[in-house]
Every structure is written in structure tokens, then in C-alpha cells.
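Before I ask anything, here is the structure I am working with.
Note that the chains take the letters A, B, C, D, E and F in the order they are written out, and that residue 1 is the start of every chain.
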Amino acid sequence: MSLLKAAIIGGGHIADDNHIPALKKLADQVEIIAVCGRDLSKARALADKHAIEHAFDSTEALYGSCQPDIILNCTPNNLHYDYTMQALKNGCHVFCEKPPAMTAAEAREMADLAKEKGKILAYNFQRRQSSEYLLLKKCYEEGQLGEVYHIKANYLRRRGIPGWGNFTNKTIQGGGALIDLGVHILDLALGIMDYQAPDKIVANIHDFIGKTGGKGLKGSWDAAKFDVEDGCFAYLSFPGNKSISLSCSFALNQKEEEIINLEVFGSKAGAVLNPFSLHTEVAGELADIRFPFLDETDTQLKNTTAFIDAILGKESNISTAEQGAVLQEIIEKIYLSATL
Amino acid sequence: MSLLKAAIIGGGHIADDNHIPALKKLADQVEIIAVCGRDLSKARALADKHAIEHAFDSTEALYGSCQPDIILNCTPNNLHYDYTMQALKNGCHVFCEKPPAMTAAEAREMADLAKEKGKILAYNFQRRQSSEYLLLKKCYEEGQLGEVYHIKANYLRRRGIPGWGNFTNKTIQGGGALIDLGVHILDLALGIMDYQAPDKIVANIHDFIGKTGGKGLKGSWDAAKFDVEDGCFAYLSFPGNKSISLSCSFALNQKEEEIINLEVFGSKAGAVLNPFSLHTEVAGELADIRFPFLDETDTQLKNTTAFIDAILGKESNISTAEQGAVLQEIIEKIYLSATL
Amino acid sequence: MSLLKAAIIGGGHIADDNHIPALKKLADQVEIIAVCGRDLSKARALADKHAIEHAFDSTEALYGSCQPDIILNCTPNNLHYDYTMQALKNGCHVFCEKPPAMTAAEAREMADLAKEKGKILAYNFQRRQSSEYLLLKKCYEEGQLGEVYHIKANYLRRRGIPGWGNFTNKTIQGGGALIDLGVHILDLALGIMDYQAPDKIVANIHDFIGKTGGKGLKGSWDAAKFDVEDGCFAYLSFPGNKSISLSCSFALNQKEEEIINLEVFGSKAGAVLNPFSLHTEVAGELADIRFPFLDETDTQLKNTTAFIDAILGKESNISTAEQGAVLQEIIEKIYLSATL
Amino acid sequence: MSLLKAAIIGGGHIADDNHIPALKKLADQVEIIAVCGRDLSKARALADKHAIEHAFDSTEALYGSCQPDIILNCTPNNLHYDYTMQALKNGCHVFCEKPPAMTAAEAREMADLAKEKGKILAYNFQRRQSSEYLLLKKCYEEGQLGEVYHIKANYLRRRGIPGWGNFTNKTIQGGGALIDLGVHILDLALGIMDYQAPDKIVANIHDFIGKTGGKGLKGSWDAAKFDVEDGCFAYLSFPGNKSISLSCSFALNQKEEEIINLEVFGSKAGAVLNPFSLHTEVAGELADIRFPFLDETDTQLKNTTAFIDAILGKESNISTAEQGAVLQEIIEKIYLSATL
Amino acid sequence: MSLLKAAIIGGGHIADDNHIPALKKLADQVEIIAVCGRDLSKARALADKHAIEHAFDSTEALYGSCQPDIILNCTPNNLHYDYTMQALKNGCHVFCEKPPAMTAAEAREMADLAKEKGKILAYNFQRRQSSEYLLLKKCYEEGQLGEVYHIKANYLRRRGIPGWGNFTNKTIQGGGALIDLGVHILDLALGIMDYQAPDKIVANIHDFIGKTGGKGLKGSWDAAKFDVEDGCFAYLSFPGNKSISLSCSFALNQKEEEIINLEVFGSKAGAVLNPFSLHTEVAGELADIRFPFLDETDTQLKNTTAFIDAILGKESNISTAEQGAVLQEIIEKIYLSATL
Amino acid sequence: MSLLKAAIIGGGHIADDNHIPALKKLADQVEIIAVCGRDLSKARALADKHAIEHAFDSTEALYGSCQPDIILNCTPNNLHYDYTMQALKNGCHVFCEKPPAMTAAEAREMADLAKEKGKILAYNFQRRQSSEYLLLKKCYEEGQLGEVYHIKANYLRRRGIPGWGNFTNKTIQGGGALIDLGVHILDLALGIMDYQAPDKIVANIHDFIGKTGGKGLKGSWDAAKFDVEDGCFAYLSFPGNKSISLSCSFALNQKEEEIINLEVFGSKAGAVLNPFSLHTEVAGELADIRFPFLDETDTQLKNTTAFIDAILGKESNISTAEQGAVLQEIIEKIYLSATL
């Protein structure tokens, strides 16, 4: 089989640190043929660093000279829509960074076009690939949890407003803690809810700490320019009497430096994601099950592989375009509820 | 000053174990003059046990022969309204067990009548009197927490469906985990929200485990007769961009045998109720404050004292009739949301 | 149904503290009619204490005036055989203290006579009735452990030579740590080996510490009169390639004050008795299962009940006469190997 | 003094990682002159890597061109005998990897020839050189333990079947867990028993988990080709009423990932190897002694040094040819007992 | 032998709770014949409670009607001198509560008179009798510590100002934390210094917290009447280049609720009193020795026994009149240094 | 602004590892122009390593060819005085290693000359710059501790006699544990005492372990040449009723490998340095405050910066010449007291 040709759009850290290294480990299936960035010299430097042939400073140039099979959309959030739509129109499969887009309508349009074009559009929710989550998913699918009816999904930092990047810039990011952190844990929770859409959402967002400033544990941020939420609390109620309680924050006056967890409550068993445990009955007695030997995994490599598998028609647990559209709509509704 | 005369209506355990012992410790202020119960011999026996003069088997008989200043309404939930209204009409102050009533309309009517009659109607939410909660309240009121914008309120048992009493009987109790457990922790949370009414509520209730049966840690229950919720999850959004996330259960597949806690998030500090701690900044650094020497307190004695103080016009942190009406309305809305 | 009539032979602590209280809790099934002891006044005092009608100072007198259905043989080890044989001959069911007898031949003869007479002869190995062991047994019988091929059985004390009773007197007890402690843990281990007889036994016994003396944690003992083993190590190999490694001691230079445990190794799972845990695979991953809510149980009451159940033809997990004979033969072989 | 000339036979990892680095640190006493392996190019590469002059692909070539004083026998187990005998016949001292040989007769023959030739034959049981074991040995030899009468020797892995090398191949290795792991801990135990031969041995071996397969913690193994024991339990009784209880496994359903330990019980004190502690009496009271500052040591360097010391006639705690013969006979008897 | 006749002077709690119960356990050696207190009815009541024949309200009456062999001086500190001197003059042995007196001169005079009269005068420093201290003393005397050259002696409470008794009244007590707490730990430290007198003392005392008031963990105290030290820090240098660092407090801003400890530094080993441990070398390695099975002891019974033993001429570790004089002089010098 | 020119005197490890790297990080303010050492080739090598232009083997040569603004005096203790005086006379600011000098008179003279010359003389007590100490200082200066009246200052090692350098040589070092370790912790304690001079000092020094030898945890030392103190205990009483209890050791029979700590007791709060905590009252309750997120800091860089800041007239917490004189006088008095 001939190699899939991949081109990178957006030559920042996420491409350099995550996507390119993962693709290079899959060199028997994929060849990276080009890097495209706003600044040609930086794109060229990145290409050279990874022994990639072409570098471009416009997607027009890219599509003009190459015919990639795959586009890795590593651009800022506010450009996800444009470059993904363009790539699909150029007949490419697209592996897009999260969140899917800036609006639910965009994400829906992206999913529709992918479907129409018969191409794979997938999002890089790589936390799906941790050993803990895969085990949770397996237990859920084997029915060990019974009916899952409530999930607490938390991604909470005490003082973790990033002191670098665009994380506190609403125009570029589209939001704060929900967009950067909450979206990950929400994706995981939805995976245990069959990724259906909620019928009721209530939410609140806050920016007390972000706007006040103070000591940071992930660098210092500029309180004066902080215009996103530092925390978000939301409750999602689903058909079938299920619900998710979502909490995420860049900054919150809690004890722990960082909490990333799911607590899943089912009719037969409950599960906690980190460290993974089951709480159930065994031989008629209440029992707690721990798994002390779970492997650490290269979640990016696994997720990139899942994307390639999807292209090749193999079974894959990649985040699909359809899931991305569901997720983006939930995010939009959370902000709507919160700003009303 | 002459002693206040108190009469007990409802001669069950709550009267015998909690209210009468507390009142007897306040013998310099209150005299218990009568016990009234459905079964005269049992009422008489309880009266004898505590050296109380009168015993009756109807409130008509009670009010016919005595003129109590205070009624302690220790009847089942579905009788709170009737006996409280009657007592107020008879010119008595009333100390009523929780929850206030079966409906929001009842609780509102009770509050209105108390106001009209100029009498104290109070509810026995005695968990308000723990050292931890009083300290939390003090920190809140002194402004150490800043703006409080989110509270997680949990009262969760793994397998704590009571194997005695009427706790699983909806007709008598009016509900399950929310009515018996959730109402306590909700009262505490509302106290840190100035007891205002929420403007949005979404909730879900469940009965998977209660209806399935299995091992119990508070005796065995009859799954066939179980007709209340074993768990309830709710989100309350308040004017001013505040919110409470409420979780309560008789039975849930979690690790812990029982969790009773508030996590309070404010702009200046966060607080955890049990064990009490503050999470804030001191001298410009992130700091955790612990209080290793809090006293254990007799919460019932403190709460009964608070009720008497209210009658005497002293400062008091007793649960007022007005607060009871707010609380009952929230409960009703939670069930409404959950059953829709 | 008329009550079973029980008589106690041997009026010491074991009768007073364990057997009589247990029987009294079963008063709807059993009536204690007599106590028989060497010293009539002591027997009478014990009978009075427990409101038992008759007291005797010889079994001849007992059988001359009463017709008990059940004999509880609470005599010292060296009298187990005589009084059990006599009781069976008098047509009684017998509940005999452990160990069964002083020799394998005696225990075999006792089992044969019980069979011939059609009476229940059972031994009081009450540790079988702990929640932990019953759960272990259940897991074993449900096949959760797979093939069990090795058990480490330990009953080890650091300095637990009893400073009272006859525990260090070989003539009366028949042995030391093996007879008093090892026999219990061995009974438990054999229960997970289908109580078959081993085909190979190697063992060693020691008395270094017992004969030297020193600080005791269960009173002081007389090193000069110490004539039993203070420790015993044995290995039992069974048909079917199974084995038990047995270690028991009154006194051993170990860290722990006391270890009482089984470690059971099976093809599908391993189990540890105290605290009970399973070590196995769940959902394809290595898993440890803990049971944090096991009940504490009244093991003597459960064991006495099991004895009565056996008499009544109900299912029972009591130690049978046949098991007693197997066990006694193993004990004899351990001592034989050790003294060779 | 002129340097001792050493030649390596068997150019695998054990030579490359352990023996050659150790010898190079002793460059003031030893010079490595040659490497001999089946594949000349590999031998040459190894020699080059370590700046060793000669490389050969047959021992005939080796002895034909060089006159080594020392042979390091780093060949697979089934070749230990041949190359050691040949080396002794060529007048060399031999440092042979463990286990000594495939049969007791071979090990005996090797010891006899070494004696006859007046050469040092030693085995590389480098675990003897840990600080913990040296301290145990010192305490034993100073009499602090008194009479040592029982040792529990455990080398137990939960799922530690090696996924590489020949460890599951009986023809090459001669056995499984006993040969690879048990032999080490047995060597340590025998050192505290004056390395005498036991007079009674009972043992069992198993292969349930090895033949079933599943998750491995040291790589994946091929269950279909697994033909060695995954576990071995044995009891060794020695003259003088002493005993060793040996347990070793590649795979066992236990909690711990790996247990490597000795528990030594003496008349005056007991000792645990890892972490090293003594359990005894001090000033008339039961006392536990811990040693929190033991050094980590380069056990291979210490063991190689001990071998050189033995050649030079200095005091040495190296495993002697005689000890190797005793050990190999025990191994043979364990397998004999287990397969009967 | 006829019984020793004992009379109690001072009928407060210390007599009722400590001395009389201890003496009654020694009824084969001592008979309590009288109680003498300021208030006759209270003295009579205490005598009746303990079945003591006589009660008096003056020592004149006591000595007028009885001839006690032993006086137990249980009066307040400021009366120790008078009643002890009187008792000695009346030919009695005296067991006096601590501290010995109000001044060094008094304590010296008391010791001189006891010597002159040939009577035992002893002080009730019962902490000498704890298992931990007796073991420390034994290790010291056996030479296991080598030369002891420094001791840190701490008796420190965070907020332990007693809310009862005379503990904060300088006129009656003579001082605060040093007199009530420090004196105990100093007595223990001096016992490991051969009770010699120091040649240099520097000290400071404080009353910040005592005079400020606040939360108390041993009841509430009256800050306005507080006229003793709440804390004392002192350094005592002894001939032979030894030293004690003494710290004691009723109230100090430390973490621990209470610290009562000695840290003893010797040339061969160091020791910590609570929990008792040795820090030394064993077999050439740094070692920590713990004693997990020390008995709890009835220190008052042991100390009263030691007093009786002294009277009977047996070996005794009671605090002697001479030691009391040394101790009182040190206390006086500490206050002198602190007030300069 | 032109760069400050710095020259290093003393080319050992402290220059190479600490001072030069710190200065190089401040290359925008300082230029290192020369290294001066006894051995020219070593000085040249060090200069080359750090790209420093000049190397000299005498200070005469240095001052002859260069005009440094700053001298870093990295010579042994017994040369601090000479080279510092010379540098000041040559018009340089001096950053001198600790301790200031060999005698109090020297340190005083150095301070006086610095003042006279108008130059900065500072000492390198870099432990002042840890986050913990800076936070302690801040809390003290903000008044959170109230009146500080006692400090326990400990720098204690179990077996930490350095096996390298001149640490055990009195002629070069001037002393042992006090000079090398105690001086640091004393500097920190004095900083919380406003660096005033004590009016009373008592002290003792010891050398039992140093002169005996044994196992070392910082290399092996030569007991025969050991001529300094291995431990020092001292008590310093200050005007205003304050005190410091100082304990330092190279070797002491304690449990911990190393203790470096201050315990500070104030009228409002107490503080512990490592890990930093406050013990005080919050909201009327006793409270413990922890700071789990303090940064690790490059204390040398911070201290060198503070020295430069002092030269530039900025606010600085550097150890001043005056403080050095106070400190040296205390050290002298401690030794005086100890040797009397």
C-alpha cells in the first residue's frame, strides 16, 4: 500500500511536539510532505527539523503544489473552521485540534461537508486514549456498570491560568477554562453517555480570580487583559434521566493543585477515572476494585493511529465529526445559559 | 421571669432522644408540661420517663386543658402542616421538625400565619450548630471568603437506606434521599447564599439500587416497597451568578460509606466544611488553613437554645419560617424538574 | 417441635464464656438441662449462674438422672476421647472442643462410633464462621479462584505464650503452638483443599524461646515447666499437586505481635484472608479487590447454630467427625516428622 | 604483580552489562584479553566496544592463541558444564554464571576437577554482596541471632515471566522460576544455614498461569511455548532441626508485583532482609532495630572482587565450587520431589 | 510486721484521686489512719469515702490524738514547708507533693531536718515510674548511651493554661509553667545527669498569651488575674561539660497540643523518651531501636511503693530530700536569671 | 551604565560552583575580569573555563594590573580578614564568604574600614534567600507574629562530618560545626531578632563522635586529625527578654539525618521554617497555616543580586558588614563560654 500524504497547517508547538512526532512513528503508513504556516521561515525551520520536504506560507500555495491525503489542522481555535472546510473541499481527510470550532453552526457545517465529501474529519481528544479511560469504556460497554445515570466531570486547577499562549484571549480562543480544559473532560463523560445531546443545560461562568491576578502556578498572567472565564460550572440533563455535572477552572480556591477526574455512577457499579477504580458488589458483598498495574500510554500516538485507522476503514475510537458537532453545541449552550 | 411552657406533639424517638433531653437542659427557661401522641399509653409512658405532668392522645385534649407557650412538632412529615397551623392558631410558638411540610404552598401558608400571629415558627435544622458550620458562617460573614459563587453540597451514602422507620415510604415522608438527607446539606449551603431563591433549577432523581435491593449498611430494606428516590442530583442557579450543585443519596456506587460536605468557592478563599479548612492567600502566597482544635458540640442543645433565644427576642441563628418556605419551594422545584 | 436437651461436661471458662451463652441465644431450639464437672460446688455455681436445673460431679450421675440429646464436651484435650465415646454410647450428639483427641486412632474411633450410632459428632472450629472465611469459601466454591494449588497458613505470635491455663503442659494439652493455634488455621486451609489427606508431610518443631523465658505479651510463663513446642513449621503435599505451608508459634522473633492469616493461590485468583482481598484479573487487567464493609460476626453463635442445623438435617458447615479424624491424623504426622 | 589475564566465553548481555564493566573497574588487577562467542562478528564487536584485543568463535581458537588465567563463563545454563570443565583442564580459574549446571552430577564433577587442578571455580551469586545481606551475615556470625532454626525464603513475582531471552525454555534453562529466581534466594538462605545439605525435601511446581497467558509486567510471553514451572514451593529440613521454606514464582496471584526477601528466625533474634531489620530483646524489652542508612552497593563489582580475592588467597565470600555442588543437588531434589 | 500508719494532710483532689488509692493497694504494708483538712466536714467526708477512721481540721489535733508513721503532704505549694517541717519534728516520714517548697532555703532546711531526724522525706515525682523513663534510666546506667552530654527537656502546651485550681496564682503556686510542668521534666533530665547542680543558668520567662487570653484547650482562664509565667526557656550548664536545654509552657504558638519529651544525646547513643527509641550503631551500622511493646504502668502506685521501700530500707528510685533541695535551688536560679 | 568589574580571590569550588555562575547570570551588570589564586595554573584554568580574561597568583599582581570595583573573597576562613582589608584599602566593594573572620576584633575592624571607605562589605549568607525564610521575614515584618520572644535554631546532622575539605581543621576553619553550620542558622535567627547583640551567652561544645570515628554519611573523616567541635549547644539571651536556643552538630546521636530549622515563637503566632507553617488564631480558633506551593529558588543568584543592589544603593537584604561584626562577636563569645 502506498503511504498516505499528510500536510501540517499551523506550525506551532502542538504540531512540533505532538502531531509530527506521532506521525513519524507511523512512518510505515504516513508520510509528512509539507508544513504550512503564516511565517515561511518558521515553517521552513520546522520542516527542516523534521526532514519534511515542503514548507508554505499559504494554504493556496500548499494545495497548488501538493495533493495531500491528510490535513492536520493545528491552527488557533478561531481558524479551525476555515482551514478544515478548505481541506475537505480539497478532498482531504482532516485531523483537527480541539475544540472543533467557534460556534455550533460551524461544527455542524464541518461535519456535514465531511459526510458529503466522504472524508474523515476527526478531532484530537487524545485523553480518550489513556489506559484508565479505555478501561472505563470497556467496563461500561461490557455492562459492568449497568445503567450509567450520573457523571461528575471535573477539570479544576487552583491557580493554573497559563502564563503563555492565547489562553486568556477570548477572540482567539473563544473562551477560557471551558474551551481549554472542560472540553476534554466533557468529551470523556459524553463517551460514557453514548454521546447523545442533553435536553437541559444550566451553567454559570466566573472571572473573579482571573481579573484580580495574584500568584500563578503555571506562570504569571496579565489580569488586565484577561477576558475569558476562569471557572465554569454546568449541569447537563439528558433524555433517559441521565445527567452530567461539569466543573472546570483555570483558577479556583480549592486545596488541590489540579483535579482531572470522572466519577461515574451506574446501577451496578460506580467508577472513578484517576486512579481507576470500580465500586460494586462481588460475591454479594460491597467491593472496591483497584488496578495497580495499568500502563502509561503515549496517548497522542494512540489517537493519531486511531485517526489513520478511521481513514483505513478499521475500527477506531477517534472523535468523529458528528461527535464534534454535538460537543460544540453543548459548549455553545453552556455559554448561552451562563451569560443569560 | 416565668418559665415558658412547652408541649410535645408526636411521642416518637425524635422527641425522646433529641428534643426532650435538650429542653430539660434548659430547665431554667422552659418547662415541659405535656406530651401528646396517638397512643395514650405510649404518650403517658414517655411523659413518666421524663417526669412530664400531662399526656394526651389528641391535640384537642391538649389545648383544652393546657395553655402551652411552645409546641414541639415531632410528628411525621405529612402531619407537619396540620399540627403547626393548629398550634399557631392556638397562639403557640412552634419548633417543627424538618422538612417544613409536604408542599411549598403549605410552608408558605405556615410562614404567613406565623407572621400574622406574631409567633416564632422555626425548623430543627440542627446541623447549623456544628463548630465547623459556625466557623464557616463566621468566615463568610467576616468577608474572608469574598464573593461566594459556587457551592458543592453533598450528602451521599453508599448503601445507607434506613432499614427502619418510614424513610422509604413516599406517602408519609414525601420523598427519599432529598427529603431526609439533601434537605440538611441544602439548608447549610443556602445559609452561605443568604438564603435567596434560585432562578433556575435542573434535577434528576433515581431509584435503581433502592428497587433492586442488596446489602445494606444501615439495616436491610424492602426493595419491593421502596417508592422514593435513592439518589438526587440537582443544580441551582441564583441571581447574581451564583450556583449550588447538590448531590444526595441513600445508595450510590461510590467508594465512601458516607460523605457529608460543603465545598464553598469564593473570590478570596474557598472553604471545605469537613474537616474545616480554608484555601486562600496569606502574605502573597497560596495557603491552606486548618483548625485542628474545633470543639465537638451538642448541636441539638444549641439549636433548641437558638429557638428559645428567638422567642425571647435575642439574636439567633435558628431556621426561620421564611427560610423554611424558601427551602420547601426549592425541594418542590427539584422534584418537578426531576419528574418532568 | 420439642426442645433439644443439652448437657455440658466440663465447667470451665470455655463453657461459661462461649458455649452456654451461644446455646442460650438458641433457646427456641435447645434447653440446657445440666452441667457436669469434677467439683460439684463449682458445677452447681455455674448452673445457677445460667439458670440451669441440674449439676453433677460425674457423667455416671448425669446419664443416670437425665437423658440429654446433646453433650457439649468442654473438658481438657486429654479427656475429649473418653467423654465423647461415652456420650455417643449414651445416644447423644456431641459438640466437642478442639482438637478432636490426643491421637489419630482415637479421633478415627470417635468418628466410626458416631457413624455407627447415627449421631452427630462435631468439633468447635468456630473460626470457620468469620465473614472473611465464609467469603473466601464462597469465592472458592463459585470457582472464582480457579484451581487452588498452594496455601500459606500462618498463626504466629511474637511472645504469646499464655501465662494461664494448661497451654504449656504436654500431658494435658498433647502439644503446644500446633495444638492450640496451628490446628485452627490448618482447619481453615483444609477447607479450601476439600479436606483431603496429604500424602507427604515434613515438619520441624522448636522450643528455644519457651524454654529460655523472657518478656511475655500474654502474661508470664514458667520456662522451667515449659514442655511443649513454641513453634512449628510444616509442609503438606496433597494428591493433585497441591500443598499447604503451615507456620504457627506461641513465640517467634518476628515483628508482628500476632499474624493470623491464609494466603491462597489459585489459577484464576489469589486470596488473602485478613483483611480479605482477591488478586486477579478484571476486564483483562490485573486487579485487586477489597471488601471494606464485611460484618463482624459472633462466630461462636454461628458455629453452635451450625451444629444444631446438622442435628436437624439442615445444610451446615460444621466441622464433622470425619474432618476431625483427618485433621488429627495430620497433626500426628506433623509431630512424627518433627521428632524423627 | 603482573595482571591476571581474563577471557570471556559467551558474548551476550550478561558479559556486556555485568562482567566486563566490573572487570574494567579492577584494571589494576585484571586485564581482559579475549572474548569468545559463537558468532565471530558479534564477539569482535563486543571486544571492540570494550577495547579488548582478541575475539574468537571457538574456545579451541581461544586456548590455541592465548593463555588466560581466568575464564568468565557467560554461556547459557546448558553449556556451563562443558565450558567450565574445559577451562579447568586448560588451567584456568573460572567464574561461572548461575546456576552451576544442569544436574547435580555435573556440578559435583566440576567441583572435583577444580579441587584436583587447584583452581578457583566460583559462581556469580552477586546478591550475596548487598549491604542488607552482608549485615545479616555479620549479625548471624557475631551470634546476635542465636541459633537460626527456620528461614522463609521468597522470590515471588505477580506477573513477571520474562518476555525475552530463554527463560521459558526448559531445554536451554533447565527450569523456570526455581532456576532463574529461586536459586538466588536459596543461595542466600543456605548462607545462614552454613551451606549444609538438607536431609528431607518436599516440593511442588506449577505452570497454570504460564500456560494460560495474559497480561505480563515484564513483557509478553508465549503461553504455547511455555514449558517450565511458573511457581515452586519447597520445604527443606536440615540436620540439627533446621528448615527453609522456599517459595518462588514468575507468576502468582498475589498482591505485590515482586517480593524478594528472607525472614530468618533465631533463638535470640529474628531478621528480615528487605528492608533489613532485627527483632529481638534489648535491655529486657522486645525491640525492633532498623538501619536507615545502609549503602547501595555495586553488587557485581563486589562479587567480581571477591572472585579475584579468592584467586589471590585473600578472604572472600564468593560462592565456591563446593557450595555450587550442594546447591545444584538441592535443586535437583526439589524437581525430583515435585515431579513424583 | 506491723502496718505503717499514714495520715493525709490536705484533703483535695490529689489526695483523693492519687495518694489514697495508691496507699489502699498497699494495704498489706500501710494503713491510712487519718485525714486532716481545713474544713472538718470535707475531711470527714473524704475519710468516710475511703473508710479512714479519723478526720481532723488541724495538724495539732492530728498529732495530739494519733501517732502516724507517715505523713502525706498534699497541701498547696505554699504550705509544703510548714507541714513537712512539723511532720518531721513529730517523727514522721513524709511524702510531699511537688515542688518541694517555695524557696531553695526551705527545701534545704527540710532536707537537713530529715537527715537529722533520720526520717525519709520524699517528693512525688511520679513520672519517674513510666516504663519509658525506667528503660531510659536502665540504658543510661548500663552504659548504652556512653557519656551523656546534652539533654533537651520539653514540656510544652499550645493552649493548656488550666481553667481550674490555683495554677495561675503566683502567691499560692510560686510560679506558673515552670512550677507545674517544667519541674517534672527537669526532674527526669537531672536523673540522667546524676542529679548534680549546674554551675551556670540562663533563663527567660514570658506571659504574653496568659495575659492576653483567648481560646483554651484545658478550660478558660481569667487573663486579668493571670500573674505567673506562661512559658519558660532555660539553659543549664553542668560541671563536666554537660548541659540541659529546658523549655516549658502553658501556652505557646506551636503546632502540637502538648509535647512532653526528653532528647538525650550521649557519646554512644541518643535516646528519645516518648515514644522511647535509641539511635546508635549496631554491627557497625547506624541503627534506630524501637520498643513497641512497653507496658503502661500505674506510675502513682509505683512511686508510692518506692516511698514505702525507702522507709523499709529497700532499694528505691524515689525522689529524695536531697534531690528536692537541688531541684528547688535550680528553680530559684532560673527565676532569678529570668527576672534580672 | 558601565559594567561593574569583579575579581575573584580564591579559586576553589565555592568560586567555581557558586559565585562565578551567579555573576555570569548578572552579565548585564557585572563583568568578571580576573581570578586570583595561589597556584597560577589553576587560576588560569578556572579563568579559561569561565572565559575570564586575567589570572593572577598574588593580589599584588591583581591590584597592580587591574582596577576591580568588586572583590569576591572566596579564600579559606583564616584569610578572610587579610584579603578583605586589602581590598577595601584598594577601594573595592567586597563580597566575602562566611564566617566573616577568625575573631570578633577582625570583623569589627573590617566593618569599620568599610564604613570609612564608603564601600559595601557583605557576607554570603545565602540561606537568607530561600522562599521559606523570605516568607518568615515578611510575616515577622508585617507583625503577624507579634512580639517574637524565643527562637529554637537547629542545624543538626547525625553523621555529617565532611570527608573532604578543611572542615575538621581548626587552624584553617577556626572551628567546627558552629563555624560551618551553626553560623548559617544563627544568621537566620538573628534576622528575626533585629540583629541585636545578646547580653548573656552560655554554651557547651563537644567532640566525642568526631574523635571516635565510625560510619559517615558525608564521606569518611580522619578521627585522629579531628580537632574541632562536632557539636555545639548555646543559649543567647537578649535585651527585651528575648532568647535564642542554638544547636548545631556535624555528628549527633539523633534519628534524623539532618535537621535545618527555625522554630519562632511570637505573641500572636509561631512559625516553623521548614516546611514553612504558621501556628496562630484565625476567626477566634486555633489555626495552622501551610503554604504548599512555595517556589524553589536559586539562593546564590538572589544573594549575589542583593550584593549588587546594595552597591547600586537599592533596597537589599544582604548581610552587612555591621551584621557580620555582631555575628562574629557572638561566635567568639560562644566559644569563650564553652571553653571556660
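Just so it is clear, a residue touches a chain if its C-beta (ideal position, glycine included) is under 8 Å from a C-beta of that chain, and two chains touch if they have at least 3 such contacts.
Keep in mind the model is a prediction, meaning the values are calculated, not measured.
Chains that count as touching both chain A and chain C, per the definition above, are B, D. Shared contact partners of chain B and chain D, listed by label: A, C, E, F.
At the interface between chain B and chain F, two copies of one sequence, more than half of the residue numbers in use appear on both sides, so the contact is built from largely the same positions. With centres set at the average Cα position, the gap from chain C to chain F is 70 Å. Inter-chain spacing, taken between the CA centroids of chain D and chain E, is 62 Å. In whole angstrom, the spacing between the mean C-alpha positions of chain B and chain E is 52. Multi-chain contact residues of chain B, defined as those touching 2 or more other chains: 158-159, 215, 217, 284-286, 288, 292-293. All chain pairs that touch, listed by label, are A-B, A-C, A-D, A-F, B-C, B-E, B-F, C-D, C-E, D-E, D-F, E-F.
The touching residues of chain D, when paired with chain C in their complex, are 146-147, 149-150, 152, 158-159, 200-206, 208-209, 212, 214-215, 217, 231, 233-235, 237, 241-243, 245, 247, 252-255, 263, 265-270, 272, 277, 279-281, 284-286, 288, 337. Listing the residues of chain B that touch chain C in their complex gives 158-159, 215, 217, 257.
If you check the complex, the residues on chain D that touch chain F are 292-293.
Partner chain D is touched in their complex by these residues of chain E: 135, 138-139, 142, 144, 278, 282-294.
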